[in-house]
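Report on the following structure.
Going by the order they are written in, the chains are A, B, C, D, E and F; count residues from 1 in each one.
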Amino acid sequence: MSIDMNVKKLTKNAYRVTKHRGKTALRIRVPGGHLKVEFLPLIQKIAEKYGNGSVHLTTRQGFEIPDISFSKVDEVNKLIEPILQGMEIENGVQIKKTDEGYPAAGTRNVASCIGNRVCPFANFDTTSLALKIEKNIYPNNYHVKIAITGCPNDCIKAHMQDIGIIGTAMPEYDIDRCIDCQACLKNCKSRVTGAISSKNGKVVRDERRCIGCGECVGKCPTSAWTRNPKKYYRLIIMGRTGKKNPRIARTFMEWIDEKTVLAVIMNTYKFVEKHIDTTLPKEHIGYIVDRVGFPEYRRMALEGIVLPPEAKVAKQITWGGYQYEKDTFIK
Amino acid sequence: MSIDMNVKKLTKNAYRVTKHRGKTALRIRVPGGHLKVEFLPLIQKIAEKYGNGSVHLTTRQGFEIPDISFSKVDEVNKLIEPILQGMEIENGVQIKKTDEGYPAAGTRNVASCIGNRVCPFANFDTTSLALKIEKNIYPNNYHVKIAITGCPNDCIKAHMQDIGIIGTAMPEYDIDRCIDCQACLKNCKSRVTGAISSKNGKVVRDERRCIGCGECVGKCPTSAWTRNPKKYYRLIIMGRTGKKNPRIARTFMEWIDEKTVLAVIMNTYKFVEKHIDTTLPKEHIGYIVDRVGFPEYRRMALEGIVLPPEAKVAKQITWGGYQYEKDTFIK
Amino acid sequence: MSVMVEGGKLDKIILGLNSEYDIYAPVLKEKRGRFSDTDLIKYDKISSIEEIVWDKKSTYSPKEIIFPITQRLFYFTGDKQTEVIDNSKKTMIFLRACDINGISRLDDIFLKNGIEKDVYYQRLREKVTFVLMECSSSFDNCFCVSMNTNKTDNYSIAMRKDKDQYLVEIKDEKYNDLFKDKGGKVDFQPQFIEENAIKVTTPDVEEMPQTIYNHEMWDEYNARCTSCGRCNTTCIGCSCFTSTDIAYEENEEVGERRRCWSGCQVDGYSNMAGGHEFRKTKASRMRFKTLHKVYDFKKRFNKNMCVGCGRCDDNCPEYISFSKCINKLTEII
Amino acid sequence: MSVMVEGGKLDKIILGLNSEYDIYAPVLKEKRGRFSDTDLIKYDKISSIEEIVWDKKSTYSPKEIIFPITQRLFYFTGDKQTEVIDNSKKTMIFLRACDINGISRLDDIFLKNGIEKDVYYQRLREKVTFVLMECSSSFDNCFCVSMNTNKTDNYSIAMRKDKDQYLVEIKDEKYNDLFKDKGGKVDFQPQFIEENAIKVTTPDVEEMPQTIYNHEMWDEYNARCTSCGRCNTTCIGCSCFTSTDIAYEENEEVGERRRCWSGCQVDGYSNMAGGHEFRKTKASRMRFKTLHKVYDFKKRFNKNMCVGCGRCDDNCPEYISFSKCINKLTEII
Amino acid sequence: MSKNPFDFEKCEILAIDILTDIEFTFRIATSITPNHGQFCQVSIPKVGEAPISVSGAGEGWIELTIRSVGILTKKIFELKIGDFLYIRGPYGNGFDLDILKDHHVVIAGGGSGVAPVRTLINYLYNNENYASSVDLMFGFKTPKDILFKDELEKWGDKFNTIITVDDACGVDDGVCEGLITKYVKDIKLSEFSKMKVIIVGPPLMMKFTALEFMKYGVNKDNIIVSFERNMSCGLGKCGHCKIDEKYVCLDGPIFSYDVAEKLID
Amino acid sequence: MSKNPFDFEKCEILAIDILTDIEFTFRIATSITPNHGQFCQVSIPKVGEAPISVSGAGEGWIELTIRSVGILTKKIFELKIGDFLYIRGPYGNGFDLDILKDHHVVIAGGGSGVAPVRTLINYLYNNENYASSVDLMFGFKTPKDILFKDELEKWGDKFNTIITVDDACGVDDGVCEGLITKYVKDIKLSEFSKMKVIIVGPPLMMKFTALEFMKYGVNKDNIIVSFERNMSCGLGKCGHCKIDEKYVCLDGPIFSYDVAEKLID
């Protein structure tokens, strides 16, 4: 029989149309990038039996198993049931039919840096937040890219995502513990934003310049700097690569809490739902915001949210990035 | 015995200092992100025996195996010999002692999107180029991040790298095969840079606007558009995240060949060698270029290179990105 | 007469013919495929038998030789008009049975439909000599047997490639001399594909039930089809075209009237001047195409337009199977 | 007298003492550690015995209670100067044997070195009552036994935590009344650590060979040490400080003279006004510290400064082991 | 060499009649004698070619009523008397006069649908007894869109003529308001069997008008419609005008409604 | 309450002698009577405190020769006669006069190293027969850096006095060019065993000058040096001036070279 494959369904099933006729590639999500190695043998088996014995590690921290025949998709879907079970359902993701593969692919794997399970710079457990977000937003066909990074160094490249979540520390200063070694100051000056200056044998933090990396805490030999135990986040939005207007994400909110992060993300989906131009193949969120305007995005993103007192929200955003020609958005 | 660990050596050995005292994490390189699954059991074994049974998939397409005791580093180094053998040495990387783990970590794993082994949009085999580059530059302690993407869509986020290599297609047009369906035009207008316009019942490509994504070729139902079989690349440079000045990489060269890509990379290392400020902990290439100036980088990057005739080179670059305060670089 | 000829000798014959003939055959265009590092197989002039691709189906059919994608009809120079008249050599086309049968469909339209013959087509068509390429096995997506287009005797020469040797039947005696002393006589008659993996049943009705017009079977194509038009452009039978006048950019006094392939699947094909579009939805276009290929053409010309070459299925980027669509239609009726 | 007291009753004793004493003990500061989601253990005032962390070593030693990190010496108001005199309550410090021995090193410097006593230290020091916390087992990096600092009898009260009960020896009889009727008498004497996993041999020389000055053993620290100063700040024995005068920002007429901890490992410590730096390299600083801790202090005070609490090793972000350094030095001599 | 059917004739413009802002009638010099309802391919070289119904014909001339809807027609509108249009044709089947003879003929036209029946009406007008009776119904969007006003008046002298506009725009001009289907009932519908109804206009107008007549008992095979398609080659080659097995340029544009309604597009 | 050793005395500035652009001598009113070579902690409240050698002393006053190198000394330079300096001290051991008695004393000073030996020289000048013989050697960078010019001339009357400059800047001012080590040979070095050599100046100058004298046979224990360190508390507490087991503020700044050379910093 000739292949008659509804490729739109196939791609929603987390398979992709490849360059090779009749061959597809399965994308396995690894929310937060953290994987129990007990799943590796299954991935190996699928690659060896149905693929070509290789996997591609994706930049979103998933596995892509290439070279699977269209005709084997159903079989593979049955096989990956333990992965759906262990990596999605056990994490609270709602998937009705567990033997039919991934129920959606639009919303991409929620990526995260290794976070404070390992990294000394990370301000929180990125993977755990990734799992919470995954639970809230997956499955979903809207094309949204979310990444989470433990500190403003942004190893995960959250600046290239639709929604980037940066863990920030609110550094608190005990002036009497400070010995004026200036380790924090020097580090902040050379590696961060120079938010710390020297004053009268102690240091002063310019809170409007501080990006909350928390490195002053790490550098301080007397614990004069400590983190406020509350978790703070910076939310950056609408970064992207793409062929039209690659640009880095810009700060939307600062010093917000996890509850707010999650609520803004849910509101963002509502924004997409309301404003997406369905006549286009798949309008990405960033282009919707461009089209509809940041103020409307801001309005919807904040809907129903009671902001924590420390929170700051961008009133306007200048996006920048590449605009290959003057008429990039004048058409 | 008390731990006396030269952590600088440890980190050069591709282990990292973690948040947990005396515990490290091993980073396994997967050049080009493409992995034979036969290596998975070894990774699993290390994670289970020496780590905590989990791995983190890094955004640079490697594995990070956390929670390994400092005291087990030598043992683990012996164990990963087959990985060094199979993923580095067999690929031509020179590693003298194969039982002492990775000989360097500064130059990061060369990342690449899945490329044209799978992706219909990719303009070349990204993984193969990644392997060639890996062979040329690894091991090296200079902190350099390189990523390769098959097309200007840049799924690998090459725009956040020190050196981003974008595979481009030189589309060639056979006017007599064109049926004026405008599939290329509409796609270019809505998804790319609008480089194609309609003229007299045929189309015209504005070569100064074309970013070489090659999508016109993919869209054309008559093969009026085909790729010039030569491989072309765009080289973008000095993108980064980081806490100081996150910014997207900017175009340094366009329409260059692979030979030039490789030569510019080697010259870039010479530039680092010459100009790095060794009094700093590890000065990243982007900051060296900022300090020394683009013209000097340009001069050294081009040294000894005979450019292909189509090649274009940036005369100057405006970097942009975040500058948190007006004095970010005035100190 | 049939002979067995070595490739080298065949090349000499071809070189000899080149003064009189443009010889077209499916050839490989390296890395000119839709995806990077993929090749394109299309018809082009050859000067060596080696250039011919035997083991794969060409992406595009040979129709473009006699029905060029872009064909100039008139040149306009100031107030003058000049008919464009083709002065090329005779053509010899290496092609398969399905395509020979496909060209007969083109003949129906261009030479038999209406009162007038399409002279532009006719002039190219009359130059053609067919060299039948024997299919050693059925390719993916072929269903020529179902369409009765697996066989033909409409050729002058037939050929089978057998490693470096070629078995050649010279059916048109005027070519006998070419092969004299070039190879040993053999008992060779081209074989035809007798079975395809894919089997298609065409609707066998005098008149299509009106219910088919709005039948839900077409609906799925609204979501699936992207109107790329590859099923039209790769089809040996599709003959639609659009005429355009242009004035050259360098001198608006000079211009041309030309025609280009168009196709019922492509956006705008059914547009009227003024904007009305008769077949807006992809479902309606799919219906139009399907009925044309396996139903209404037959009402007019007593044979189905579709020859089962399968190129539409080979090339559909959305993996829509036309053979499956035909079977679905037949089943519904 | 020794008694066994329940935690609840001990809390009541503490509440009672609070009017007269600030009671300091190692307590847990949740999520205030160097890395996110890690805790800090440091000395602070307690009001319940429950607050005390027994099973882990504190990051910082108790020295900051008697030798505050920042200590004001004088206030300046216009032309007037006022000596800053501490009026706080008496202090009771829960601490371990090594730290009690460590404080004797501070006493050597502040009270015995030179002719003058450091009155600021003296005033705080005189308020102190030691409550010995018995170590149930040696912690990571401890080498008190090697330094002969595992034991002490310099305490008023000693305590062992035994689940919810506390075994208490009241050595200073003036505290007997506190415990009367609060618990049953037991036969309890604090035990001391008799062996550490880490063993250190200090250099046993009258005079350090001059060759040690430029010995290559120090070189590695140039690359390894980052001059963060944690080995100084966490050390119970380090007593160096730097004085600073400031005028307050809000009113330049008013200001203070204060002193802050400094340390030989920290950049600038050995700088002269005018810029000359005596110990520029990290190797030279490591040498200075090492010799001070296990050699020259002893020449002056007949005991090594280092008490083997191991906090330097606990906290070195570069994983430099001081115990290993001492052994290396001793081996070389 | 065979005669080239794509070749075309250069014709001088003899007169231009401005009917509305966007509808002009061009009289051009030519010797062709089209049937009623036929069309020509009209072009300006280097601009384009379009199918235009013949709306008038006489000795050595024909008339083409052109609606300005695109680049070509816009260019044509810029032409002046003495300039040239280029035509080939006539194409298509045209109306079969024979079947109308001695019948009650109703001609219903919508908008520019009037053009292709103009010569037929004038024939019936000039041959008063050819049809047993003639009714004319013409629908336009607004009063200013009404075409051939003078002639409509002239025809009204002999034939029962109903002119409707979708929207009278407040002008009381003696025209009726509403779709023409509304006024079918006003036609004398006594002799169903012999009545011939010709409907020309946009597809939906034709469909609903036909249904309306059928409601009153007119047989499908007595209804005649004229299809508008983008006839391009006029020769049955280019495929643009194909519906089902029919090529409008060859087999049409005039179809009996019983044939037309069954065509699956 | 115990006496606070950090407490300090408010002293009026009696005179200011501008030696060079960056070296002033302040005479202040105080009743302290420092030994030769001792230093005081000098401060301006709210600005800071610094160790300054006593360069002169008399009845009810001392002199402090201050080099402007930082914030505090810059502020001090802004003071005028009648303003106040704040001091505590004197600190340190000072020179042991007894060991110089009846010896050939050589005093070698580099730069501002002259200040701490100024009172000693004046003592020897005023008590001419205390030492058997006195040689003075002073090295400065350039002629304009020469301190105590008038006194140098005065001393030169009684003592063999060699003044050198590293760079004469083309001025022939009667001074020698070159490091003072070069001129050690010019000193009458007949009685090695009884010669006492006092060297004050930067660490390297002291080291190489001592070595030079030793080359000529002067014994280590007859060489006396004065250490410059950033003495801060002056009380042996703050640790800044510690070298090996020595606290410069307590055990120094004057050390016999045989002790000094062995100290491992």
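Assorted remarks:
The working rule: contacts are C-beta pairs under 8 Å (C-beta built on N, C-alpha and C of every residue); 3 or more make two chains touch, one makes a residue touch a chain.
These numbers come from a predicted model, not from an experiment.
With contact taken as defined at the outset, chain B and chain E are each touched by C.
Common neighbours of chain A and chain B under the contact definition above: C, D. Each of D-F and A-D has its own count of C-beta contacts, and the greater count is at D-F.
The most distant chain from chain C is F, comparing centres defined as mean Cα coordinates.
Farthest chain from chain E, judged by C-alpha centroids: F. Separation between the centroids of chain A and chain C, computed from CA atoms only, is 50 Å. If each chain is reduced to the centroid of its CA atoms, chain B and chain D end up 50 Å from each other. Each chain gets one centre point, the mean of its Cα atoms, and the points for chain E and chain F are 122 Å apart.
Look at where the CA atoms of chain D average out and do the same for chain E: the two points lie 108 Å apart. The set of chain A residues that touch two or more partner chains comprises 17, 19, 116, 120, 122.
The set of chain E residues that touch two or more partner chains is empty. In chain D, 35-36, 242, 244, 246-247, 262 are the positions where the chain touches two or more neighbouring chains simultaneously. Checking each pair of chains for touch leaves A-B, A-C, A-D, B-C, B-D, C-E, D-F.
Interface of chain C with chain E (complex): residues 73-74, 76, 81, 83, 85, 109-110, 113-122, 207-208, 210, 212-213, 239-247, 252, 255-257, 259, 262, 264, 269-276, 278-279, 284, 287-288, 291-292, 296-297, 299-300.
Chain contact summary for the complex, chain A toward chain B: residues 16-20, 25, 30, 33-38, 40-41, 43-44, 47-48, 53-59, 61-64, 66-67, 111, 113-114, 116-120, 122, 127, 149, 151-160, 189-194, 209, 211, 213, 215, 241-244, 246-248, 280, 320-322, 324-325, 327-328, 331. Within the complex, the chain C residues that touch chain A are 35-36, 38, 140-141, 197-198, 220, 223-224, 310, 313-314, 317-325.
On the chain A side of its complex with chain C, the touching residues are 1-8, 17, 19, 21, 70. Of all the residues in chain B, the ones that touch chain C in their complex are 116, 120, 122-125, 150, 167, 169, 175-183, 199-201, 214, 217-224, 226-227, 229.
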